[in-house]
Amino acid sequence: MTKGRLEAFSDGVMAVLITIMVLELKPPHGTDWAAVEPLVPAFLTYVLSFVFLGIYWNNHHHLLHATQRINGAILWANLHLLFWLSLVPFITGWMGENQFAPLPTAAYGVVLLLSGVAFSILTRLILAAQGPDSPLKAAIGSDLKSRISMMLYVAAIPLAFVHRLIAAAIYVLVALIWLIPDRRIESRLNDVSL
Amino acid sequence: MTKGRLEAFSDGVMAVLITIMVLELKPPHGTDWAAVEPLVPAFLTYVLSFVFLGIYWNNHHHLLHATQRINGAILWANLHLLFWLSLVPFITGWMGENQFAPLPTAAYGVVLLLSGVAFSILTRLILAAQGPDSPLKAAIGSDLKSRISMMLYVAAIPLAFVHRLIAAAIYVLVALIWLIPDRRIESRLNDVSL
Amino acid sequence: MTKGRLEAFSDGVMAVLITIMVLELKPPHGTDWAAVEPLVPAFLTYVLSFVFLGIYWNNHHHLLHATQRINGAILWANLHLLFWLSLVPFITGWMGENQFAPLPTAAYGVVLLLSGVAFSILTRLILAAQGPDSPLKAAIGSDLKSRISMMLYVAAIPLAFVHRLIAAAIYVLVALIWLIPDRRIESRLNDVSL
Amino acid sequence: MTKGRLEAFSDGVMAVLITIMVLELKPPHGTDWAAVEPLVPAFLTYVLSFVFLGIYWNNHHHLLHATQRINGAILWANLHLLFWLSLVPFITGWMGENQFAPLPTAAYGVVLLLSGVAFSILTRLILAAQGPDSPLKAAIGSDLKSRISMMLYVAAIPLAFVHRLIAAAIYVLVALIWLIPDRRIESRLNDVSL
């Protein structure tokens, strides 16, 4: 199986996901400021989800870029990741329409957590397929960022029921952790691959 | 006609299909567990349809990968397959919103059956275009899985009117049959093609 | 400007168009045959539009395949074609929901006619850019099919107000004209290009 | 990071954006001319947004075409541009449904302005990454069109509250400025790149 078509399909799904999210942003019925105000949480949720999908596309790109061998298990692990990401527009719509109510806000964390777990599984299967000497293995190392992110999600899910803004703040924090470029991986990959 | 653009168009259509299905999952209006409960059958249907589209993408990928010659009939057979697959979001929405009522559940089986028939036609036309010595022909052989799947669909459609869960169980069974990787084909293809 | 990215963008737009049309097919609210019946004209319209978009993708593919030089005018002529095609889901939804009422049925013909005109303009600009000795010029010749199609659309638009089924029958006829493969072009192109 | 996948992802997002806009054009419920009339502003807005997205795709294509080096900052600047463009269907729906009411019409200008700013940032980051001798730098020069466009947007936003048609006329003017091909850039790029 060629890597190219796996990348193309994943790019396609992620491009559609990041775009159809806007369909959950319903244009307000009025045309004054009062009509726009209730849209503010939906818009902030939209920005957050856009950033998360951008981070996943970025990380997915880096991971696949340094991958040489693909097998059936990797294909299904990739579809598993796309499955959880495909729920992002749905969960974004639910959280955004309900002013960060506890249950939707916790559910948002669950989708992000399971997307993170799916990305970890994909990373492991790809590493296993590359063999012990793969430069990707050395570059990824202990995958500290992923571990921290997942611990933060696990904390945020119950905290959404304590106060909605605690969970929302944690999601923003995780996004910031990933927005800071991981120079360690990038520099190593630059050495070993195209 | 180049194979590349046929693959790219099919990938595009399948990536959009697997993604817009989420638009049939309407965010619940409430924010408590009671509001989420009626969504459970819609969610299970979504998972099932996601898996079916994933299987089709996977099989389509394998089939085209070993194809060397494309003609006009193959192009239209491919569009015919995409037509039936394009109905999956529609039928998923109908079955999911109606708690597996008999008629939508039977109709779901009809769409899967006709997608399967379309895939068989595409396979045959591709095999015919490759000539008698094609390694693809030896690899696919009697196409046992496809025959079993189609017999199961034919059984499930009337059984949906006996009890909705019998048909749903058969659809899950077909998905499981395909999720188990077909090592026979994969190993042969690995020998003969990139 | 590379031809590859023009093809990729056009494929993307056409793949999304052919797929989001299904969102205009609303799942019926009931689960019995009576609920399905009013959907029949919408479904037939969906099939017709799917075939038309398939024909356009096919013809676009053939046209670009034999094209060697692209310029800014070709790019905008291509966007102009995509614009009219982008109205197909809208007009399909309108005609399908209204049992082929005269005005939507005539409007459907207008969109098809203007898509046909846009395709002719694109063809002419591409031919002009290839120079007089282009094999594409010889292959396309007088472009008889396009002329006949456009005359049929021009006839169908007023006839929709006489009887809705006359116009619908003409649209089906045009689709059939194009479904029959144009062996003349295919065989000549096979001689001169990849 | 390969330029190819950045282009493919951007093409995918822009192809989906330009296509799902049509979903904001709701088919009228009636089938007579009276039912069509209120759709006219929505249709004109649709045409305008289609042209703007076409211009962005075109300019993006030219910019990336002459780019040789990509880095993490360019990737995020590109996602930033796609973010503002992703709001185009939303703002098109809002302005189109409300007959160019002042607030939506001003908001339309804000989205276009911020898309323009995002494109300028992307251009600068790409120029910085290419080094001082890049032919792209010479070709783009002072980027006069972008400056004029942004000044026009800044003027149009408050003018939407004076009279809606002033702002709308300015948006049409900006589109016309860009539709006139920039022969200066095209000719220089033709000399130096594929």
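Per-chain numbering from 1; labels A, B, C and D assigned in written order.
Here, a contact is a pair of C-beta atoms (placed from the backbone, for glycine too) under 8 Å apart; a residue touches a chain by one contact, two chains touch by 3 or more.
Everything numeric here is computed off the predicted structure, so don't read it as measured data.
The chain with its Cα centroid farthest from the Cα centroid of subunit C is A.
Fitting subunit C to subunit D on Cα positions gives a rotation angle of 90°, stated in steps of 5. For this pair, subunit A with subunit D, the centres built from the Cα atoms lie 26 Å apart. The geometric centre of subunit A is 37 Å away from that of subunit C, both derived from CA atoms.
For subunit B, residues touching at least two other chains, in rising order: 8, 12, 15-16, 20, 23. Only residues 7-8, 11-12, 14-16, 18-23, 25, 27-28, 31-33, 36, 47, 50, 54, 57-58, 61-62, 65, 179, 181, 186, 194 of subunit C touch subunit B when the two sit together in their complex.
Interface residues of subunit C, counted against subunit D in their complex, comprise 1-2, 5, 8-9, 12-13, 15-17, 20, 23-24, 72, 75-76, 79, 82-83, 86-87, 89-91, 93-94, 97-98, 101-104.
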